[in-house]
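You will see two complexes here that share subunit A, one where it goes with subunit B and one where it goes with subunit C.
What follows is the complex of A and B.
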């Protein structure tokens, strides 16, 4: 246990130190920031797709709801980012709860399909309300979050400090998701994933916990969307289309569905790819698409999930052989 | 609007609705056969559709092949292509219990691959693709002109749909295929080789989707965004009509085709797509087995 705790503390320190180590190059620091964003998003999605067994293909759309709400509050009404971001997250969470309602009736493929439908409709909606979204051209020159100091002074949170904020947000998300999965709620969610009818029969309110899972997961979608908009400085409906949802799912699936570290592993490996092969930006979809096909065929448990699985089967095999000897 | 203008518009809606509806029906029939037998919800059907159309464009507009020869090449080429896909992507999952969701994610990935590949090949060559008219000129239906090529496409599509129906009702293999739709276990007990039916229905469905793409390329100009729209529309038709029901996909496909024609004329195509999505969502929530399910 002490070993694991030390590893955990080391990981947290590493996550907080990396922005400073990368600060010499704006380019690599930006890739790091985007990786943190994807850790946040994929951990949030994992709560639904991995732990509750519902694949939310409208996740990027929810992130868009959070992003557009925040950006409009900040740029049109002059609200501070630190107030607008929770408002955006709440908006995403509420929309997520409403759009998650099909999950009460639909299972498996049909739910996933309804997610695809909702995501497509949301993307169309974003294009069709240009007064809030800037339409197809999008919104550019979104200012970085401001930090106000006492005495009417304020400075923009930019560069390495914004990456630091993203690191904190990502770590907090992972921590919250971890706590949720350790709690009774998390156990109920896994029970719902494994057999919702049986869970219902045991007197556990499946509906209530599903809705709750949607609320928490969409909250993170919104937080990520708000940070994305103010970090990248530009959003368009394409930033939140079905391919983004698929990419976030790929990170979860490639890392390991239903594990805490899986999304981190996935994001660290996959999120930098489109930036590192900059001149091949066009081939990004081919690479990600191939990875989706590869993951579904050869890595259904994901990288980290397979690691856990092999370790578990090895220890249980050893336990069995020892029991047989004694 | 003048009465003549209204009449012309009305006629345009009817003809476009018929052609587009017939092509929608074909593609949706392919998708519904795949889903009904194999449980393979093909999210990349739109990409296969547009692949066929793009190949037609390459062969006819760039290589100067005759459209009929090109159509034969593309449609015949879909058979080895779908056999390879079946072997490597579809067959490995036949024993997985919840395979439809695995397939769905996988074909979404496949769609992303194709979309990426098209943008960095065809996307660089052109924005819109149109073939020269196969059979130039118009036929006068009373006072109204009707392009000959489109009439030909409509006739071929309707004949193919009729042929598909006849095949599924009358032919031995077609009946076996429907038996698998309706009751897999009973079909096995009656001596149907389910694996072979799976492979056959995958190839048949891909053949139908490819033909849909070829016919669309002959009748209309198209662009790359068609792929995603077609995928969504085919799914909408399948869900509303009832997965596995070819009759449902034809009836709903025709209705959607007319909706597309009417709404595109008076409002915008996006509104039509939006209305399909809403209808699909309602049907999913109210009656997931679709309107024509037995």
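What follows is the complex of A and C.
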């Protein structure tokens, strides 16, 4: 236990120290920031895809709702980013639940399919309301979040400090998801994933808890969207299309669905690839694809998920042989 | 005295075929009710309909005098009517203790306990699963899984458990043990048992309902049912004919 706590503290310190270590190069620091964003997004999605067994293909669309809400509040109404971001997250979660409510009664494939429909509708909506989204052109020159100081002064949260903010946001997300999975709700979600009919028969209101998980997961989609917009500085409907949803899902699956550290491992390995291999753009997708095929075949539980599984089976096998000896 | 279960005039049809036809079944407190009938006679449909897994076309269901008609399965389970499935169903990936925890969580507050695993210890001992507490449920034998299923129902302190073929897939020795186990439970809660095996029904049930094509063709003490000419012609006779 002490060893695990030390590893955890080390990881937090590392996450907070990395932006400073990378600050010499804006390029690498940016890749780090994007990786933090993907840790946030994939951890949030993991609550649904990994722990509840529902694959939310509309995840990026909801991130878009969060992003556009926040950007509009900040740029048109002069609302502080720190107020607009939670509002954007709430908007994403509410839109998600309202649109998703009919589909949350569905299971497996049908939920995934209805997610695709919702995602497509949202992408089209983003194109067709240019007064809020800039249409296909998108919105550029989105300012970084402002930090106000006493005495009417404020300074933009840019560069390394914005990456610090992303690190904190990612860590908080991982922490919240961890706490949810440890709670009664978390036990219900795993039970629903394993056998929803049995769970309902045992006296657990499956639909209600699915909606709750969907709401929480969508909140993180929105938070990530808001940070994405104000970090990258540019958003267009393509930032939040179905490919983004699939990318986040791949990160979750690659790292290990239904584990806390899986999405982190997945994001750290996969998120930098498109940027690091920009000069080899011909091979970029090949590397990306090969990694995913390799993982699917040899590590079907994901990189971290497989590690966890082998460790668990080893200890349980050891436990058995010890029990047999005694 | 209030019936623990009172189903009145249940109707259910699937595309013009009656699965349940004006079926009324009631069960007194402390009584163990058996239900038999050929394949497709509507036994499982009856459990599905009563426990809220299937919407009825007509009829009313009362549990302990209160209506549960049209309620969702989890609400009915909270009210004290809980079921098992014909094919054994446990959380195969989770340890036995976690299976019990999930089963206890939605009920322990209502029951006034401070812990979802309140009483789990006794249940595990009673059902001879104590040694398996930390084992993954999927690694248990079928008989052990059947007992775990029972424990997961009993932890909610139900008024009535509806068992859909509780000895399905068990060998004769295990069937004998299961009958003894179920007999031991009769003091705690009502049992409703669907079975194909006459031996189980004869030993366990105080009263038997015979279903054919969704209709009740007989209702009485097990010994009387065995002698019932109508039952022999429509059900038992068929069994004998096929077993020959």
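Basically, the second predicted complex is superposed on the first by the 303 of 326 C-alpha atoms of A that agree within 3 Å, B and C clash if a C-alpha of one lies under 4 Å from a C-alpha of the other, contacts with A are read in each partner's own complex, and residues count from 1 in each chain.
We adopt the following convention: contacts are C-beta pairs under 8 Å (C-beta built on N, C-alpha and C of every residue); 3 or more make two chains touch, one makes a residue touch a chain.
For clarity, every value in this text was computed on a predicted model and none was experimentally measured.
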Touching partner for A:10 - first (subunit B), second (subunit C), both, neither: neither
Which partner reaches more residues of subunit A (counting touched residues only), subunit B or subunit C: B
Partner chain in contact with A:201 - subunit B first, subunit C second, else both or neither: second
Which superposed partner A:246 touches (first subunit B, second subunit C, both, neither): first
Partner chain in contact with A:190 - subunit B first, subunit C second, else both or neither: second
Complex contacts: residues of subunit B adjacent to subunit A: 41, 43, 89, 92, 98, 100-102, 104-106, 108-117, 119-120, 232, 235-236, 239, 270, 273-274, 277-278, 280-281, 284-285, 288
Residues of subunit A that touch subunit C when the two form their complex: 184, 187-188, 190-191, 194-195, 197-206
Partner subunit A, residues of subunit C touching it in the complex: 51, 53, 72-75, 77-78, 82-83, 85, 89-94, 98, 101-103, 105-107, 152, 156
Subunit A - residues contacting subunit B, complex: 55, 102, 105-106, 108-110, 112-114, 116-118, 120-121, 124, 127-128, 243, 246, 249-250, 253, 282-293, 295-297, 300
